[in-house]
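Going in written order, the chains are labelled A, B, C and D, and every chain counts its residues from 1.
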């Protein structure tokens, strides 16, 4: 009778953040995680290092709830800290699955925070358990921690590089070590994001360094953006500055295109592109590709807002707030039987009759997953008096699950995997339905269209073209 | 070192909601309160009546946290329930100050939920305590509860009317009684809002009735809007339908104009006017009154959004999301010393450089209170590269405190109370500053301008024209 | 499936404590309440006064849990404090029913802690509610608070004396006032206990004063016992010392005899008699009155221990720990179906086979209430191999409920109310059963036997001779 | 300013319990742990197995608090369960250190509960960490869990025997496996206790099996005592009954003598001897060895009670409750500065003046550790008016720390390690002081005196004769 409301974002991922060489590193990390809250709302954790000892605090809840307490921050002293936001998985939420993971090794301690997904985690885990390793969580991150533990190399950096060569997947990693400082690492193809920032110096004290999933986390603490960590790069950050290691060689670059469409915050800049601008340009492309005669352009908030603005600019139609979002949604809510139709969607969205009544409405949304939410939104807009509802989607049809760190339903639950455009339009009860084309999407990114060779991005969820081997899946160790 | 973040809304009031004659009344009330969450985030309470016994649950927290638990709702049986959202006062938050209040009388029980403020509460309280009444909270509502208790009339309705004649102020009241059903009441001038809705019937069961602060709370549960409760009207809702009582006679109508500007949700309709439309019209008036050469119109979210859209339409300038709001703000947050400038505002707002850099920006916001937040926002926008920042405010200057239920700073903290327009512009570091004129504001409401006689609304916070006697203040029982 | 274990003491009342004129009064009060924990385990509360303001903290739980926190005590500053332990009622435990009660009056604040029971509380409450008083708890104490509020006298002492003349019952009362200091009061017949103690002075600072239900609470804080408050006496304690008021005149003295038998701690001295010595003398009387040929004397711990020692001394039989008590009993416990016989009693008591096997056992217990626990204990002792079990009870048969502050079952649940000695013996499965005689009991108190006139104690639960009018009961306002 | 009160027992160890083949195994385990609560009050945990899946719940607190909730027990389904009580260590209490430990292996899951101490835990841990094992707790138990994981044997029983051969120490172990049932194991010398019991069958269902630290835990659930597990024995309990394995061969038998003196519950039978009878016999030996002219024998409760009874019987002096124990002691308590002398001891014990005043008192206690508590008790007894105080101790002087599972202070804190009998007597302010002799102690156990060869018990804490190699200590891996 109760259902998860806050975790009803259709896609979920994580956020990572780290600070090195700045007083009150844990307080800054809490702020950084707060700015990355959209990447994970279920749990948050911070590990700090005070030059001698590691300290940690991890709990279920929003960053502000977990770290909003002065005493908690005071218990995390030191000028180095890393943190993690976890997204909400359905079912068993346990604190033991909250990152960062901290482990004591023979050579010292190590803390690891990780965003993404290993495609051979189950395979590696099976082998490690066979060898006698004891796992305490179900997280991919723990696989890395054990690989570091059993590596035959001497130093933590060598051990981490050794482990990196064994794992496959799409990930960004931040680790904290007692002797080598803070390490950042992006997967060989750079599917998941990681940026480097610098805190301004203070009097005669030099500024420290920051690593974060997105630039919006640099902005909140006043750090300057330096550059994106490169695909396959390991950065070692300590008193000697930033040193780069390249364990993998150059194997290409395939940044996740869905970060632009949905995941990242609009004020972030990823791989040199403003997320906001990409979205408004997608809106413009959509208007050109599949314009329709209508009275008003209405975004499905929040992700649809910039694209709807772009669509309205391009089409000359007025942009209006036809759907209002309630941001006070808690974890769960009661459903009072069938009395209240479409309650789930109404908990978050409500129709603004003044805008919709008697109008032909263009709705702009980021994607269609199962189609159930889209249907409820269209129904709600119609119930508020809209004459026509035209749905415009800022991504190509989502036909394939992501194995690279974004939590999507399996293929059989994806509406686009099994239905034609017409069937989908009917299923969501719209008067018309259009998705952005692959070429339109890539144009919005500054390309001529989707590259035929030398792919620049991962668009596997739309194309099925998976750039990283799916070891566990092909070995039937996971089912989707 | 920690400061209240979620209660940093510049103004605060409360929300009330009630259901009569519908199964699972408490669950519906929880939903209604959720839709009214913007009116109060600190605490929530529900009292239900099952035909025999009253049940209550009240706690600090968001509605979803307090009532998201199936067991809590199951403990509130019955087909009648009333509820209340409390705003966050600074300092001592205590559960004993959470509404609704329930009291056992010689004639039976009574539950009361109340939005607004009595202007003679302190005076009445002093007299009641002298008489031997013992107060258990610091709420105005308890004054009413005691007045009902000591009334010499027999029935609860007569006693409530007796009490109503003794209190002065601006309020909406919902009460639940065992024998007479649910009562709703609006103050003689109708300063605070209260609307009546009806739940659709079910099979052979007739539909029940709903009272709410705003229509958006009717929408979420699928209730139909019937009408606004009239100023000075008491409605008695029970199996006989809705009966009206008029204890005060006609003394005019002065609905709070600030509900349109800031407080109500944009998808609500109050006194026959769509809040969203009033706000977009205010934006249009502002553009006509104080247009300025610029590149982009940017709202300060969320309240500035509709007005910015209206301003952009009227001016022909592009509307852009130049400021992004973080909605995951928890109760409090740590401030890591001075390292992070303007942290307070950054917890909620971040600048979107892609929109602001090199541009002449028109910012649209609802009001200026102390000026500190406005200054921080202007600074943040400049730091993101804006060439010029022109602030446009959708209300006249806020020069006077509200004594009618909206929690405002006292006069000495109101920037506009002591400074000229030029001084204010300088204080907030803007290139230009303009407020909507009184006439412009009233035009947006459909008038020719501000009525010279026969005032239609309360605009005391701008004009100082207080329509209800300030008994406690004039008796020096309260200081502002 | 779960049942209350900690409240399974057959009888329950409360404990009160107060300190005036000593630094850290609240910390001392917490210690005093800890020493009185046996009088009430469900909840604890303290109100302190710092010369200017009252402070309070009340919560469900043991004293050590509620006040074991440094911060809690730090929040209760001042050199005056009063506190209260509440016993565990079945069913609705609410913090609002925890004492002391604090009320704001026109003439200032007043805190009240109260042990005992008013026999006209329901009657008074009905009249007060009719008058318009609003009650927030179901406690007798609140009746007194309202009577003080509506009294027409001027000073708090006069008002309290006015209230005292209206209430009937058995009670000890401690109140704290801003201007008059700490007041202590015992009911006209002195049924419930209250003692006065003095803290030793410190350097040039004079010692303060202490009021407590029992002397054991003086001992723990190192206070010297001064005297018992007299029946019907009010003591006013402040900088002028201790002043006595006598609102009632001399109406006799009827101290509760059951405090000696069961309720008070053995190391307390009440009305000049050591509780431990009274109990050992009762054991001796029992041995003389109803000796039996046996091998060993075994107490049912803890209350039976001193009497069993007295019995063993008198009879020359060895005293042995044949029943071991588990003191770690929490609030509730799970019952794993019928697998475990007599689980309830086993949670608290276990049989010591080494003592019982093959022996003829004399069990010494304080009373038989429903008989179910006695039966389980006898069965447990038999199951451990006892050849014979002879039950000796240190009170006369409990035939009548107490209306004077001890929570007993109603008459229909009292085994002795409806059964002969033989029937009772059979019901509890004993080989023989004997109760102390009335004369034996009074001899143990130093009398010749039970006084025919000029009764010295209340023994209504055994004799049915109720010395205080049962107003509510006779008016059918309460049912037992 | 606050100090740990409940952990002020001078010695601490743990309790283990397991059930196999009985419905509601977890509920029975909770009861068994409750009966073993005296062995550990800080935390409790249960792991159950339902034939398919393991379930666990562990938390800080008393058994009744942790498992008194129906829902918690319902979450632990199955006919097999093991549980653990942990004693209170000073400093860092963490749930991650609560047993049982559960681990997933390549061959299936395994749960382990463990009472005792490994003398080579630090040495083994160092080697395991070097090998790449990652520890998540600081418990000895986790060493065993890793040894099982890395064993090269195939079956869990072989792996456990392999691990058993690598560990040194004094321990009792209960493990739960999916395929092999429940395993119990006692260290080669049987220093720590473990008994086997059987639940009576039910209708046509055969009874299951129980393992427990003491027989009192069999009694509470109505299980019959079968036998003690032998030193060095592993029992494998499943549908085939009970099978014994002997990995170590016969190396002697050295059951901890201090279990009789202090640790075990008096109603338990260990290695064929009633703990109660051993204690009363020790009291008798003490009276014979070091009788003194006095008026009364008073136990220091609770451990001194049986010995004081034995002493009184032997000496002909009266046994009296001269010290009353307060059993409601919570975790911590506030110390209101120096006002209250000897508060720590008064929280638990109070003097009964009626018994002590003007008397020559023999106090019977189990041991003297630091001497501070003994001093406070003697002072308290003197302050209550005792003319003479003669301390009689039921153990030889405690001169050496225990490395076998009982938490004792290090040698430098043991009064007897550095002082003569005369110095000790003076230190605790007694008129005379005597300890039981080694021979007297062993006579109470049924021997002629302390065996010169073929030692039967471990008495290292008195004699310094450590029967198990202290690997970590000698390798300087631990300091005492």
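Here is the rule we use: a residue touches a chain if its C-beta (ideal position, glycine included) is under 8 Å from a C-beta of that chain, and two chains touch if they have at least 3 such contacts.
The chain lineup, named per UniProt: A, B, C, D = Amidophosphoribosyltransferase.
It should be emphasised that the depicted structure is a prediction, and the values quoted were computed from it without experimental measurement.
Visitor: Among C-D, A-D or A-B, which pair gives essentially the same interface as B-C, with more than half of the residue-number contact pairs in common?
Guide: Going through C-D, A-D or A-B one by one, only A-D repeats the B-C interface.
Visitor: Rounded to the nearest whole Å, what is the centre-to-centre distance of subunit A and subunit C, using the mean of the C-alpha atoms as each centre?
Guide: 63
Visitor: Any idea how many Å lie between the Cα centroids of subunit A and subunit D?
Guide: 52
Visitor: Give, as an integer number of Å, the spacing between the C-alpha centres of subunit B and subunit A.
Guide: Distance between chain centres: 35 Å.
Visitor: Out of subunit C, which residues touch more than one other chain, so two or more?
Guide: Subunit C, residues with two or more chain partners: not present.
Visitor: Name the shape of the chain contact graph, picking from line, ring, star, complete and other.
Guide: Ring.
Visitor: Can you check the complex and tell me which residues of subunit B touch subunit A?
Guide: Counting only subunit B, the residues touching subunit A are 1-2, 5, 22-24, 27-28, 30-31, 34-35, 37-38, 41, 62-65, 67-70, 73, 199, 202, 216, 219-222, 265-267, 269, 274, 276-277, 305-306, 309, 313, 318-321, 324, 326-337, 339-341, 343, 346-347, 350-355.
Visitor: With touch defined as at the start, can you tell me which subunit A residues reach subunit D in the complex?
Guide: 103-106, 126, 129-136, 145-146, 149-151
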